[in-house]
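After this come two complexes, each holding chain A, first together with chain B and then together with chain C.
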Partner chain A sequence: MDALQRRLGTLYAVPAVALLVLSFVAPLLVVAAFSTMPQGVFSLLHLPDFSAYGTLVTQGYWQSLLWSLFMAFAATVILFVISWPLAFGMAKVFKRFTLVLTIGVVLTLFVSENIRLFGWVLTLMKGGLIDGYLGAWFGGGLEGALYNVPVIIFGLVYVYFPFMLFPLAQGIAMVPDDARQAARDLGASRWQILTEIDLPLSAPGIVVGSLFTFVLATGALAEAKLLGGSAVIVMAAEVETAFTYGQDWPLGSALSMTLIAIVAVLAIFTIARIDLDSIMGRRG
Partner chain B sequence: MSQNQPILRLAGLLKKFNGFTALDSVDLSVSEGEFLAIVGPSGSGKTTLIRLLVGMDEQTDGTIWLRDERLDTVPANERPTCMVFQSLALFPHRTVGQNIEFPLKIRKVDAARRKERALELLNLLRLPEHYYDRRINECSGGERQRIALARALAFDPEILFFDEPLSALDYRLRKTLEKELKDLHQRTGKTFIYITHSLEEAMVMSDRIAIMRKGQFEQIGPGEEIYARPQSRFVAEFMGEVNLFPARPGEGAHAFEGLAVDDKAAAQQGLIAAEGAYLMVRPEKVRVLEEGERADFTTAGTVHAGYLLGSRRQYEIERGDQKPLIIEIVQDGSPPLADGARVRLGFDAGDTHLVERD
Partner chain C sequence: MNISRRTFTAGMGALGAASVLGGTRKAFAQRADELNILCWEGYNTDDVLGPFREMHPDATVRAESGTSDPDMINKLRAGEVNVWDLINLNQPWARQRLMPEGLIKPLDKERFMPFFERMAPEFSNPPYPLAFSDDDELIGMPQRYGPFSFVVNTDKISRETAENEGWNIFLDPAMQGRYGVLTYDNWNLIHLSITAGINPFQPMDDAAKEKFREVATQIMGGATLKSADLVAMNTALINGEIDAYFTGGTYTASPARLDGFSNIRGITPASGPIDGKGGVAWIELTSLVNNPDPSPLAADFLEFVQQPEICKAVGFAEGTYNPVAQMGDPDVRALWNEEELDAIQWDSLEEEMARSAEYAVVADYDELMGIYTQARRA
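Right, the complex of A and B next:
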């Protein structure tokens, strides 16, 4: 019986594994191979050459990497703080309104990200919606709202909001009400209930939401290009340039590999640190 | 502090939910160190009452006093009382030790002192000290009960409330824990208020029982008193197997349905068949009469079914279209009554009790 179940389990996993290997692992390996290709050779049959990684350091690409990581981090933290109260309301307070809110947030995903970002550009740009109104009413204008780092972070927060909100609401929904009530009965203040009960017990949702937003925001391109002008060049933009204008595939691949490696290490480290089963108090 | 001053006093406590009166202006006094059980069927208002007492809900009207201070205006987390939840509500992400220490951590007691107290409580609850580092999900049902209790005791409450914490356990474990709880009450000297729908549980543990019905206290008193002298049919039937004979005031001063009565004996005991009253007799007080043997109240019927209850045997006696009579006979080696046998039954006026209302 047990053996049969194990065999069935293996069989069931085959399609998913095959798909992952073909569409995820294989391209990754190709990119990894490209990244060690000597410049101008354009063949995979060669001795590995790590000069592209050297270029990454010497040509200052690490700055783009740091900008990407910093802005993704800032967006994740801001998203967590602003999503928490709303997610808490969705999970514990609003009843039917939760559905309305969910539909509302999901609907925004129906419109392409670029179009939504262009909307913000038109709203914030000089001579745009806000600037125009401010000028008409008060004579003053909205100077420098676009093309800086804060507006890029704003764009990231705006675009990745659903990716934080929903996992967070899911996580908070898992916090048992009686644990909150018991904590209160045992003397805990609202703040203590938050730190002792709500945050640790909704950790799976927090981890998933934060990883989603951080990983997606690290690889984000459109926010920096559209809202940021090119105030800073993010890593994804460098990768794009290297593959297109630069025609330097080894460099593009090396940049990609570095980004993937950093994000993967962070993700694996976070997930491994948090024992999802024990948090949820699952019975063995 | 005088021993006579009640530790807890409810005055006209009223709770309505959208027009439905869950708690109907109840008054209650609980004395220091008492073990009070509040018993009632579901929907009788006992859960509403405890929610008001711990501050999880707000009353519509009335007051709650803890000694000389208003309790109902104090927020739940500042009340010096504590509750053991029906679900126990242990924190799954914390170890046994961290669960017990929780109220101390909230009060910012230092870690060494916290641990010392947690180990003391583990000992008090007869749990091994190495459980301190266990995870909650590695503990059995009975162990979790004790951990929840230890956590509540760590809070050092003025009054400890229990919301049916034993209801989910199997019979044997429940019996053991009932006794442990009673023992713990004696050792700690704390005031315990215990909500349950099981009268058996209430009888085993408590000093006093308050029976709830439709949002009010139907009767409050020691278990023996409630068992022997219920004031209403509701309480009489709630307190286990009972035979009730409706009064027939039109047929005589001491006439009860289906019974032949010795008027003198009944008059001596003051058993007046007033309108709406019932004559109550417990199954173990009814005896099978020999040929020619007399009793103050007599009746006859056919043995319908017998059930063995360990040391006693219970029979249902059919009496025409009246409610079957329930009797219990101590097993003394004599042969059991045969199914369908015709028997004459009797009991004495001194073993009965007059229940005055429904």
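Right, the complex of A and C next:
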């Protein structure tokens, strides 16, 4: 009877699995298939020749890839450092105020990313909000705050802040207060408590938050375009160009596949090292 | 009524099958109650669509604006040829991509040729040649157009200097860091070629390509700001961050000019490598999509937008302001007031168009695109 039940269970899962495969995996497979096509074709009815991957290597697209990865890494590290104290406060100190903070941060997500970034353009540009006030008060202005790499990283930090903050707060909430108190009783310093209790025990939250921000920031496009004035060209912009002005779908697909592969390897590698169940609160 | 899981599943299956069958049946009906337009901003405004909807109260008229020509073409290629009835984009893309690939179809000459007679001289006599395919089929109707080279702040660089120096102003070491590049990629290719003294519409030899690479690296590297956002470019020009931007024209300068910044001006160089011309002009065509289930309203709409008031609404839609070919007709031209004419640089339009070459497909597009994307990264 049990075996029958199990088989029925599998059977009932078929439609849902089919839907997932169709809507999630199939587009990826199409992109993968396109990436093997000869360059400049618009259908899959050609013999694969993988030439797009050759172009990717020979035409210096790795520079854009490195920029994307570097800026995503920098943004993730900065986000971790600035989110940690706040997340700690939310998990352990603020009590009711945590809700206010949560609502405040979540509300920003209700406004389109582009509009928020344009807000920063107006704030930071020459003759903008900050430059205008500085000029009026001190006579000196804020020259050249836009269109460079630091401002792109700032944009990434700003946009992906919630994606680090909440998993981190969740992770810190998992650290039992008893463990921290016990360590203190046994003579541990503040630094030791941080490095030997808080950080290791909240590792799942740190990993999830870092993964979220890193993966999203690697594929980010608007920050480099709006704030950065394309001071550097990011990978997502290369993909966009290849598909549109380049009219080279295979190249665009090959660029996408490379980015997907790198991010997937990183994600699988890190997720394999943490216990996701523990952060979802299903311990034991 | 009791619905068991089995009957529910059977019902869902039947529903699915019905929708598939329904789909095939629909393909044989004429879609007289629907019109879908894929266009550059302007045709999708209420000023244009509203009166047409009033004429066809039973029809659903929908228009969506694209963000680039190739983006719109990708939609048709990806199968949306079944969705759209009209597509409005710049003529080389229609001539060189859409028509050869069978994504658009010819217009009825008898119905549409008479409209050319009332257009501005460059479109009427002879009827605008690039609206026709090589086998002389009418592939689309021209309407909006404009010279498209570069834009300067005339308080910093005078119109005379800019026109006489032409593209060389961007190669001047003193301009390093004082200009932006409006990253309309396909336009950048054309303008970088001209800056390098090469005709982009002719195949290039290796020396020319090397020269192109040199100029592309210098121009892209010396730019303070690179963006596809024309408002960002105008803003930077107005607040003094830059003195000029590479790639631009009436289309991009007009919104700033209408806001009163008449020092923001599109420039057409006095001379250049394309048969002596140093500027380039764009002309849009609106074409019938080769929809297997066509809407008869598509051709009606094309005729409708030739009316004077609608011409004005198309030319003066939100966002950007552009001259229209139909302004050759005094009745149409009379609808623009002084400020509006100044915004589209009407005073110099004719001479600028005369100094501009027809925008065509860049001969070595793929290769130059590769060099350009590399230069952009440098």
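We adopt the following convention: the second predicted complex is superposed on the first by the 253 of 284 C-alpha atoms of A that agree within 3 Å, B and C clash if a C-alpha of one lies under 4 Å from a C-alpha of the other, contacts with A are read in each partner's own complex, and residues count from 1 in each chain.
In this section, a residue touches a chain if its C-beta (ideal position, glycine included) is under 8 Å from a C-beta of that chain, and two chains touch if they have at least 3 such contacts.
Remember, it's a predicted structure, so these values are computed and weren't measured experimentally.
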Of chain C and chain B, partner touching more chain A residues: C
Partner chain(s) touched by A:152 [first = chain B, second = chain C, both, neither]: neither
First (chain B), second (chain C), both or neither touched by A:56: neither
Touched partner set for A:125, first chain B, second chain C, both or neither: second
First, second, both or neither for A:64, with chain B first and chain C second: second
Contacts of A:238 with chain B and chain C, given as first, second, both or neither: second
Partner chain in contact with A:254 - chain B first, chain C second, else both or neither: neither
Common ground on chain A, meaning residues reached by chain C in one complex and by chain B in the other: none
For the chain A and chain C complex, residues of the former touching the latter: 39-40, 42, 55, 59-60, 63-64, 121, 125-128, 146-147, 225-226, 229-233, 238, 241, 243-248
Chain B partner contacts - residues on chain A that touch it in the complex: 176, 178-179, 181-189, 192, 196-197, 200-201, 278-284
Touching residues (chain side chain B, partner chain A) in the complex: 54-56, 76-79, 82-83, 85, 87, 89-93, 102-103, 105-107, 135-138, 151-152, 155
Chain A-facing residues of chain C, complex: 68, 70-71, 73-74, 77, 97, 180, 183, 185-186, 224-229, 232, 235-236, 239-241, 366, 369-370, 373-374, 376-377
